[in-house]
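Each of the next two complexes has chain A plus one other chain: chain B in the first, chain C in the second.
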Partner chain A sequence: MIKVIAFNEIRSALRNKTMVLLSIIFWLLIVVATFGGFKNYTLADQNREQAKAMFRKEWVEQKANPHSAAHFGTYLFKPFSLLSLFDTGLNNYTGTSYRVEAHHQAEMNYAAAQDSDTEMRFGELTIASLLQLFLPLLIIFLCFQSVSKERENHTLKLLYAQGLKPSSLLWGKIAGNYLLIGFITIPAFLIMLLAVGLKEPSLLARTLAFSICYLLYFLILISIFVYVSALSKSSKNALLTSLGLWVFFCVMLPKIVTGLANNWYSLPSRGAFNKAIETGTKEGINGDKDRMGRYKDYLSQTLAKYKVDSASQLPINFDGLNMQNGEDYLTKVYLNYAKEVEKKIEQQQFVQQVLAFIDPFLSIQQLSMAYAGTDYEHHINFHQHAQQYRDEFIRKLNFKMAYGDKNYLKYDYQVGPDFFKTMHDFEYQQPQLGWALQKHQYALYALLLWLAVTLSLVPIISKKIAIN
Partner chain B sequence: MLQAINLTKKYNDQLALNKLNLTINQGDVFCLLGQNGAGKTTTINLFLGFIAPSTGQALIYGTSVAEDPAVTRKHLAYIPEVVMLYANLTSIENLDFFSRLAGFKYSRKELEKFLTTVGLQQEAFDKRMGGYSKGMRQKVGIAIALAKNADVLLMDEPTSGLDPKATNEFTELVKELGKQGKAIIMATHDIFNAVNVGTRIGIMRRGELVHEMSTENLDANDLQKLYLETI
Partner chain C sequence: MKLFNTIFHFEWIQLKRQKTQWISLFVFFIIGCYATYAGHRTIQKQNLVLTKLQQQYNQDHVLTLQKFTDTLTAETKAQAAQAGMAQIINFRMPPLALDHPHALATLSIGQRDVNPYYQKVKSSVNYLDQENVEISNPAQLFAGNFDLAFVLIYLLPLLIITLCYPTYAEEKEQGTYALLSIQASNLTTILNYKLLFRLTVVLGLVLLLNLVGFAVAGQQTVLSLSSAMLWLWLSLAYIAFWFAICYFFLQFKRSSIVTALQLIGAWLFFLILLPSLTNSYISLKHPIPLRASLASYQRHVSEEVWEMKPIVLADSFNRYNPQYNSSINLAKDSTKNGERFIAGYYDLSERKVARFAKHIDQQLVQKNQMAAQLAVINPSIQLQYLFNALAHTGRNDHQNFKQAVSRFQKEWKHHLLRYQLTGTYFTPAELKQLPKFKLENDTNNLSIWMGSLSLWIGTMLFLMLSLMINKKN
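Here is the complex of A and B:
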């Protein structure tokens, strides 16, 4: 009986011109989003590869004093995966490049949002935004009259008289509409899997998880909107209620949650953060001595170690050593303050994860970004790797100054490609799917809980369907 | 086959049906007369199990409708006042769909036969029902009831809004069904038609069955007089 109802639901929808038209619009949008995304992706990928190659070439071919080279520095680029095309996530806001420079701990920079105002405010058209926001509307138009129309049409009585159970009616409606949404969306997912399989096979598992989560999300939405139709007095009411739910859960609540998280755990401004680091390195943190005091201590330690009386008697370049000592302290101060900020962001993230239990939209939003590798966790993971590489990079240059060779005391001490070539390039591997799953486990539990709860409501809702 | 024992339905303090006692056997065509709100539709809805009785019982083949509607619904077919069905399906598709729900899978030929039996013209079979007249829709409704092969037919004002020719065709069909041994309850406002098609007549007023009689030797004019006196 469920099958008969489901089949009839599909047939009726296919004969409904509005439905067919909406599906075509959805597909056109998917094509536009994919095409636009792919164009950006190839362009950005090309630019990045070129820049990377250029910086590396400049780096290895230079002939310079190691410390000048440290000032000259380099840039690191966040790898751009095909998946980030499906969900750009935070990438537009966090930036994708990292500056490596002496005496300075950088943040990620050059975010797309910095120089393209209106487009970002309006919201970029990505596959994720289509699936998260537009598709629910399509589901509403598909489901709002699924049960209420049977009642208005007086077919409900006839269905029951023929022996149909109310619960079978609901299951049939859910199954039929789910299959329809499947017909519309599964080809899109298959194309994504194919594209990823051809270009970056290592991301197949992520793409699969991405697709499955969306398919679960659609099932939750379909059952909710079928219930709304079943419980509403009229189709008109069902449509209004459904749209109201959409506005509340997909538009308003996410904004409110972001506002709340920001209010509860507000972050310092970039200016205040930089100021704190500057003051921290100058005056010392956690009871450390100020810069001059630390310099004096380090000098006397070093003199004692080599058993000499003055810096000029040292067999090494003390300036190089001292600069590294300063770098070490800068890193300590930086990590000290960054830890506080990161803790607050983690708390904000936790608020989002917990509130996903009351809003499935929040849950799919996080999972989608997580599997696309464009969420905060991936951002911070990249940043940590970049920062460690930077510290190692600067250390190597400072030590070259300190222990390099006998010419270290000369003002025009220079090293060439032979040395710079030995400094390995930055290589970053995105964490595996399991890592992303674990980081967003609560959002995943929330989605699964929503699914279990909505589907288990069938027997309860079916008792409440009014006949007249 | 069909039995009501002290069947009562209250909505808050309003008595929609008061202690109805009724037995309908094979071959009976029982016509319920009465004004709107007299309890005709309530009686039919109670037998269908769409509403639960406040007290008393509605039995079909001895099984209580309230206790096991899944079993009792197997025995009955229902023809509503407004047969709407699905406007974007053809009559064949509608008939096929509702028959499948009742557990019957008919071939195209069998489906056509049902539609022919109720007098639907062949050209209409594959046209979407959105363009059908009320009479044509009613015929498909009857075909659905026939195809269910049920012993009991419940009809709620099935002839309202039908033109005289369609009413006549319908009447003949119901008579034929009665002869085949079905038990039929038909709520109607059409006194002359009731005398013509029914084997028994019941007149209801404010939830009570006031008169019950056989149509043998019953004259429509006498019945009309009685009806007007009753209400």
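Here is the complex of A and C:
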């Protein structure tokens, strides 16, 4: 009986011209989003690769004092995987480049949003936005009269008279509509898998997880909207309720949630942050001595180590060592305050993950970005790697100055390509899928819980279906 | 007039009886109030940041003055002797450039959460400096602000749709259409009056909500009457546009479900589909430059200029800054690391990099010009642009702030150079008369009025199409 109901549901949907038209529009939009996304991704990737090669060439070909080279520094660029074309996530709001420079701990720079106006806030056409926002509307259109129309046409009585159980009716309606959505979306997921498999096979697991989560999300939505149809007095009410739910969960709640999280865990201002780092390095943190005190201590330790009386007697350039000592302290201070900021952002993120238990849209949004590597966790992971690379980079230059030149406070010491080539280029590998899932485990649990709850509601809802 | 009164009376009774209508109106009002509160919190926080920065600057000012008189130890004595040195003043108390929020920023936060709204001005410029970009959670920026502008742009059309979609069909579905056809001379007039009643309800609600918004917005900064009136005018234009759309779809006289679906389709088109399509087109047409070439150029210029002969650099400086020619000292100016060498280094490298950066700025100008032009075809985006323009929270206002900062930076640099190049120091009294940043932020009311024309044109277009269909029927 479930099969018959499901088959009828599919047949009546295929007869509906509007439904067919909407499916065609959806596919056209998928094509446009893929084309646009791919072009943007290719161009951005080319630009990054060219810039990366240019900075590497400039770096290895220079002849300079190691400290001058540390000021000259370099730039690191955040790589994006092919999956970022499916879901651009936070890319427009996070920077793409990182400056490596002496005496300065940089942040990620140049978010596209800063170069754009308000239109960017309306969103971009991506496969994720189509699957998260547009497809639910298609589902609403499919489901809003799935049960209510049977009641309005008085066919519900006939079906019951033929021995159909109310729960079978719901299962049949859910199955039919899910198969329809499957027919529309699965080819898109298969093409994605094929494209990723051919270009970046290492991302196949992420793409598969991406597709599975969306298919689960659609099942949740179909169940919810079929229930709405079953419980509504009329198709009109079912449509309005479904649309109301869509607006509330997909448009309003994400903004409200992030706003609340921002209020609960307020971030410091950039001015206060910079001032804290400036004061921290100058006066010391956690009971440390001030800059001069730390300098004196370090000098006396170094003199004692080499058993000499003054810096000029040292067999090394103390200036290089002292600069590294300053860098180490700057890193300590920076991490001290940056960790506080990161902790607050993590708390904000946690609020979003927890609230995914009341809004499946938040759950799929986070999981989608996580699989595409365009979420906050991937961003901060890149930043941490870049910051560690920067520290090692500057350390190597300072030590080269300290141990490569004995002349204290002389800057005419120079090194050339032979040395600079030994400094390895920055290589960043995106974390594995397991890492991304672990970071968004609550969003995943929320999605699975939503699935379990919605499907287990069939017997309860089926008892509440009114015949008239 | 009698018919008008009858319909309004009937609609009022209908409205009183329908709990769901009241609930939707009430929920909308509450959401609007919450959005106003959320906007108020955001702007209040920004105001607090600006106040703290000002307090910090005042403290730095006091500490700098103390340095003049602190001669207790040999070290502080040496510092006291140097306390008025221009470079030290530049380091210890760089002046602040603050972009205070306009009162209406509470109602339309716009790009104020993305763009920096303050800057510590130094005598030199780093074209790649991003140190004043506010710390924020990118997920928050991505989700966007829940302000009154959002409620009006996104949710108000939905309220209008829920009120209007059954205007025609309910008569047909309740079986009263036939009765009306017999009794009333003109059915269109009846439908128009019914819509007019709903328009009145929406106007009243939006007016109330906006008045609440103005009361909250006016708490932090004075809100001018002209700005408030313009805000109301824009709200009215948008309401008219969405009523025109409803009117258009009602002409097809389809069932309430089909009409609702068509109207939701229109909402989806204007609020989600068209913006995302235009955004994708803009990003394809004008991709945002990476600035790698600028970074590379800046580093090379920095090295190249630093390696120049001091006298050549001094000559270049004197040519572009003849006002300092009285302080030329050939002996001093031919030494590396002398005052004129340093001044010349920054002067020349900044000029070179500024020329290069202009090219990138031009690309961004083109991108944003295209975005503004495309906004005209979409009343929803256009309204956001206009709200932002009124609240001084758009990109143009940020550019205006940046230009003002740039002008002030030059003023500050030359103020310091007057001391630096002559080897004179600031006195404590002179530190009280340092240049202050000023931001002229006049609202271009005319351009906002003109901008609202596109909304009215959209309204007229839909009304004309409606009349055409009506005649056809």
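One rule holds in what follows: the second predicted complex is superposed on the first by the 459 of 468 C-alpha atoms of A that agree within 3 Å, B and C clash if a C-alpha of one lies under 4 Å from a C-alpha of the other, contacts with A are read in each partner's own complex, and residues count from 1 in each chain.
By definition in this document, a residue touches a chain if its C-beta (ideal position, glycine included) is under 8 Å from a C-beta of that chain, and two chains touch if they have at least 3 such contacts.
The structure presented is a predicted model; accordingly, all values stated were derived computationally and were not measured.
Visitor: Quick check on the chain A-based superposition: chain B and chain C, clash or fit?
Guide: Taken together on chain A, chain C would fit alongside chain B, as the superposition shows.
Visitor: Is the number of chain A residues in contact higher for chain B or for chain C?
Guide: Of chain B and chain C, the partner in contact with more residues of chain A is C.
Visitor: Check the residue A:His379 against both partner chains and state whether it touches chain B (first), chain C (second), both, or neither.
Guide: The answer is second: A:His379 touches chain C but not chain B.
Visitor: Given the touch rule stated above, what does A:Glu124 touch, chain B (first), chain C (second), both, or neither?
Guide: second
Visitor: Pick one for A:Ser310: touches chain B only (first), chain C only (second), both, or neither.
Guide: After superposing on A, A:Ser310 lies clear of both chain B and chain C.
Visitor: Does the superposition put A:Leu159 against chain B (first), chain C (second), both, or neither?
Guide: first
Visitor: Should A:Ile467 be classified as contacting the first partner (chain B), the second (chain C), both, or neither?
Guide: In the superposed model, A:Ile467 contacts chain B only, not chain C.
Visitor: Just to be sure I read the superposition right, which of the two partners does A:Asn286 touch: chain B = first, chain C = second, or both, or neither?
Guide: Neither chain B nor chain C is touched by A:Asn286.
Visitor: Quick one: is A:Met1 in contact with chain B, with chain C, with both, or with neither? Answer first, second, both or neither.
Guide: A:Met1: touches chain B, not chain C.
Visitor: Tell me which partner A:Gln429 touches in the superposition: chain B (first), chain C (second), both or neither.
Guide: Neither: A:Gln429 stays clear of chain B and chain C.
Visitor: Enter the shortest inter-chain Cα distance between chain B and chain C once the structures share a common frame, rounded to whole Å.
Guide: The answer for the closest chain B-chain C C-alpha pair is 16 Å.
Visitor: Which residues of chain C touch chain A once you look at their complex with the stated criterion?
Guide: Those residues of chain C that touch chain A are 31, 34, 38, 41, 45, 49, 52-53, 56, 110-111, 114-116, 118, 120, 128, 130-146, 150, 154-155, 158, 162, 166, 256-257, 260-261, 264, 268, 271-273, 275-284, 287-288, 290-293, 295-296, 299, 303, 364, 367-368, 371-372, 374-375, 380-381, 384-385, 388, 394-396.
Visitor: Using the touch definition from the top, list the residues of chain A that touch chain C in their complex.
Guide: Going by the criterion above, the answer is residues 18, 29, 32-33, 36-37, 39-40, 43-44, 47-48, 50-51, 54-55, 58, 72-73, 75, 77, 89-90, 92-97, 99, 107, 109-126, 129, 133-134, 137, 141, 145, 235-236, 239-240, 243, 247, 251-252, 254-259, 261-263, 266-275, 341, 345, 348-349, 352, 375-376, 379.
Visitor: Provide the residue numbers of chain B that touch chain A in the complex, in ascending order.
Guide: Going by the criterion above, the answer is residues 45, 48-51, 70, 73-74, 76-78, 80, 82-86, 88-89, 93, 97-98, 100-103, 141, 144, 148, 154.
Visitor: Can you list the chain A residues touching chain B in their complex?
Guide: Touching chain B: residues 1, 4-5, 8, 11-12, 15-16, 153-155, 157-165, 467 of chain A.
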